[in-house]
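What follows is chain A paired twice: with chain B in the first complex and chain C in the second.
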Partner chain A sequence: MILMHDVVIIGSGPAGLSAAIACRENDLDVVVLDEFPKAGGRLLGQLHQEPTGEWWNGVKETEKLLERANMLDTDIRLEVSVYHVEKVDDTFNIFTNKGTLEAKNILIATGAAESAAPIPGWTLPGVMSIGAAQVMTNVHRVKVGEKGIVVGVNVLSAAIAREMQLAGIDLHSMALPAANVITGDGSNPIKVMDGLARIAHLAPSKFIQFGSRFARASAFVRNTAVKFFPPGGVKMWGMPVHIRKAVTAIHGEEKVESVTICKVTTDGDPIPGTEEEVEVDFVCIAGGLYPLAELAAVMGVPFKYIEELGGHVPVHNEQMETDVEGLYVAGNITGIESAKVAGAQGTVAGYSIAKHALQDHSLEENITNAMEQVKTVRANASIQFHPKIDQGRARVAQAFEVNAINSDK
Partner chain B sequence: MDDMIVCRCEEVSLKNLVDTAEKYNCSAREVKLRTRAGMGYCGGRTCRPAVDAVLENATGEKPRNDVPLKVQPPVRPMALSVLGGNDRDDE
Partner chain C sequence: MTNNRIVDHPVLGRLADRKEITFTFDGTEYTGYEGDTVASALLAHGIRTLRVHEESKRPRSIYCNIGHCYECRVMVDDARGVRACLTPIKEGMVVSSGKGLPNPLDASIPPEELPRTYQEYEEQSKEGKGDTDA
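And now, the complex of A and B:
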């Protein structure tokens, strides 16, 4: 006889843990699964200074969540990989490398994955995604190399480059990936500039001060700034950030030995004759994040393509319900946003699941309050991944309504 | 640039993808099946957005609401003993 859990939560990041806490507060039988040896998800790697000057330390935030979850006797199982989920009648079967679980409800809180920004030579040892560098630096405390370069200039890579600097890792510079059909906007200096203006408020730093000058400026002013971008780059914490230079290739016999950098036009086209070779022993590629929604796709949840949210997201409502009864989503799987937003969404999902499991409508108030909290956290977020998050969110909610009306017919 | 690998697990280059799309004038799904791009060990987790971008460019298919290249279990690399076994969580 297999034990039927009230809910299985896949992912122990801020969303999964917050949801688990809300469920345990209502005494549900909860199992949290995560394939990493430590709970906390990508929260573990985060370390940045808020505009107020306060430090956001992901390890400490994880400890707080875990302390609360442990106080509530939450069953958290690590190093468990979920490879398949199916629903038979009213039961979810969750297939893992350590056996199969059954549950009446599931929450998929699997977060995001990194998009590759491939450039020639990116398969050499010593090339890693910026997220991998973050995990090695802040979670495993392993020095990724002696001298490196960051390819890709965006919110995520700026934050992680700073973390690596704080850990004493030598970075030559940050530059764009060479333009190709895959790298797209990430290799367009004007588009990158728009992105930088959005992280302008990530004070106090040089980078930010630089960006904030252009944050509210017109497109014309920003384009002018791109045109006259200093050839030496703009220094962020002493490290040059280039948006008019791109890494065109990574070289090495058996591992990374150097990269070729060249100047690019305001459209990102390489300017011939400007190539220079820079010796590095590691390269961090930052192609951005996309919602990791494989399990929702396997379950047949309808999707919607929302650029503002980072790509294809499972259609859900503000209560974090999907079209599949008993299947909930929270965190970055619903769109790329900060860990704080993910946590707030997790709380919503947790109360929604408790309400469904217990048929307790008095939880409505908790859900409403938690939904308000998501909006407040989003409005105050210091890292905004996309300026039109709200519009993106509204389109998902609308899609959910449309699906609901159609299925009633 | 053309020789650049896009799908690392199956070692499919940018040129393979573009040429296949041109030669067969086919859908993104068919290009995937012909080249095995995104069908390797990682299940497409690394190259999925990249393969999508190449195929969107080559075939002119715009991103639609459904996930372009179908996701199938197992979504994580698993030992055959796990997939073939009949383990249950009997506690």
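And now, the complex of A and C:
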């Protein structure tokens, strides 16, 4: 016979771990599953300087969460991949590479994945996503190469480029991906500039200062800035950042040897005759993040496309409940935000699950406080991936209400 | 072997001494550290190529490094299609690179001579046409 758990949590990132802690504080029988060999999710690799000058060190933050989880005897199982989930009557069946688990409740906290920004030659060894470089550098402490280039200019790639520099890895520059049907806004200098203006309040740097001058400027002024963007790029910690140059191709026989860069118009169209070849031995592609939500889709949770949250998100309410009774979501699966927000959402989900499992209404207060905490953390976030997060969140909550009314009819 | 390791780091500090672990990749012995994945241990030795594309035989390496893209499929002991970026190395582990597969549609065959049925494919294979060196 299979043991029936109170809750199985899929994902041991900040959301999953925080939820597990809240559940264990209420003495629920919890199992946390993660396919990565270390707990902590994408928090592990994070390393940035807060505007106060303090370092946000993901390894240390993970240790803190794990210490609390271990003190509460939390059952965390690593190297376990969940490939399917089903609900039969009131029981969730969780199918993994190491057998099937049964639970009365589940929390899907699978986080985010990186969008592809394919450019010719991107399958060559030495080309990797920007997140791959983050994990190699800060988690495994292995250099991804001698000299590289970052393709894609956004908040995540700027943060990780800095992390590579700190680790002594030489970067030639950052530039946009050449425009194609998939790269979209990431190839459009004006859109990229809008994005940079939004992160202007983040970590102190020359580049960010450059962006901040345009943060509150009119669209006209910003477009002018794009038009007259310095041909040598704007230096960030000594490395040129280009928004009027794009990488059009990656070359090499058995591995990356060079890339072609060319100038682009303010709309991102390549300007013929401006191509130059740059020798590099690795390339990091940064196409942005989207919620990793397949398991919620398999369960039949309704979805809504919300640009501000990074893509299709499972519809849920502020208590982190979905339409499927006993199924909860938290963290980046509900929208792309910083690890602190993901953790705060996990706490909400944990208390919601405890309330449901124990039918204990005295937990209402914990839930309300935890929901307030999410808002506070969000308002003070030093990293923000998308503007208008609040509006995006409101639209999801509204979608949940509409679904609830419709199913009552 | 430590030349690709980030030993000293201004914020994360000095890399702690960890237990050495020996494994093989395509028959050659390599040493990594406890906590390494197959992908990180090999990259520390400068090895990027983990497999070749099944059809084109072009070299492939990690792409996402966190289990999402399946670009890093290798064979570990007897299991095929294992993600190198999620698999911790273990003492004595036998890892081999992901291999190409026979491809009946050899690019050197002109389109008008490509087999139209399985029978024609078998006949051509007997004549030594097609690409069978997996």
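Just so we're on the same page, the second predicted complex is superposed on the first by the 409 of 409 C-alpha atoms of A that agree within 3 Å, B and C clash if a C-alpha of one lies under 4 Å from a C-alpha of the other, contacts with A are read in each partner's own complex, and residues count from 1 in each chain.
Basically, a residue touches a chain if its C-beta (ideal position, glycine included) is under 8 Å from a C-beta of that chain, and two chains touch if they have at least 3 such contacts.
On a predicted model such as this, the values are computed, not experimentally measured, just so you know.
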Superposition on chain A - do chain B and chain C clash or fit
fit
Examine A:W55 and indicate which partner it touches, taking first as chain B and second as chain C; both and neither are also allowed.
second
Going by the contact rule set out at the top, does A:A113 touch chain B (first), chain C (second), both, or neither?
both
Examine A:H356 and indicate which partner it touches, taking first as chain B and second as chain C; both and neither are also allowed.
neither
In the overlaid three-chain picture, which partner chain does A:T100 touch, first (chain B) or second (chain C), both, or neither?
first
With the two structures laid over each other on chain A, which partner does A:T123 touch: chain B (first), chain C (second), both, or neither?
both
I'd like to know which partner A:R42 touches here: chain B for first, chain C for second, both or neither.
second
When the two structures are overlaid on chain A, which partner does A:L166 contact: first (chain B), second (chain C), both, or neither?
second
In the superposed arrangement, does A:R393 touch chain B (first), chain C (second), both or neither?
neither
Classify the contacts of A:L3 with the two partner chains as first (chain B alone), second (chain C alone), both, or neither.
first
Which value, in Å, gives the least CA distance between chain B and chain C in the superposed three-chain arrangement?
5
Find the residues of chain A that appear in the contact set with chain B and again in the contact set with chain C.
35, 81, 113, 123, 292
Listed in rising order, the residues of chain A that touch chain C in the complex are 35-38, 42, 47, 55, 57, 59, 79, 81, 113-114, 123-129, 131-133, 135-138, 140-144, 166-168, 254-255, 292
In their shared complex, chain B is touched by residues of chain A numbered 1-3, 35, 81-84, 95, 97-102, 113, 115-116, 118-120, 122-123, 178, 180-182, 184, 287, 290, 292-295, 297-298, 302-305, 311-312, 399
Residue numbers on chain B that touch chain A, as the complex places them
1, 3-6, 8, 14, 43, 45-50, 53-54, 57-58, 63-67, 70-76, 78-79, 82-83, 87-91
List the residues on chain C that touch chain A in their complex, please.
4-7, 9-12, 15, 35-37, 40, 43-44, 48-50, 53, 58-69, 71, 85-88
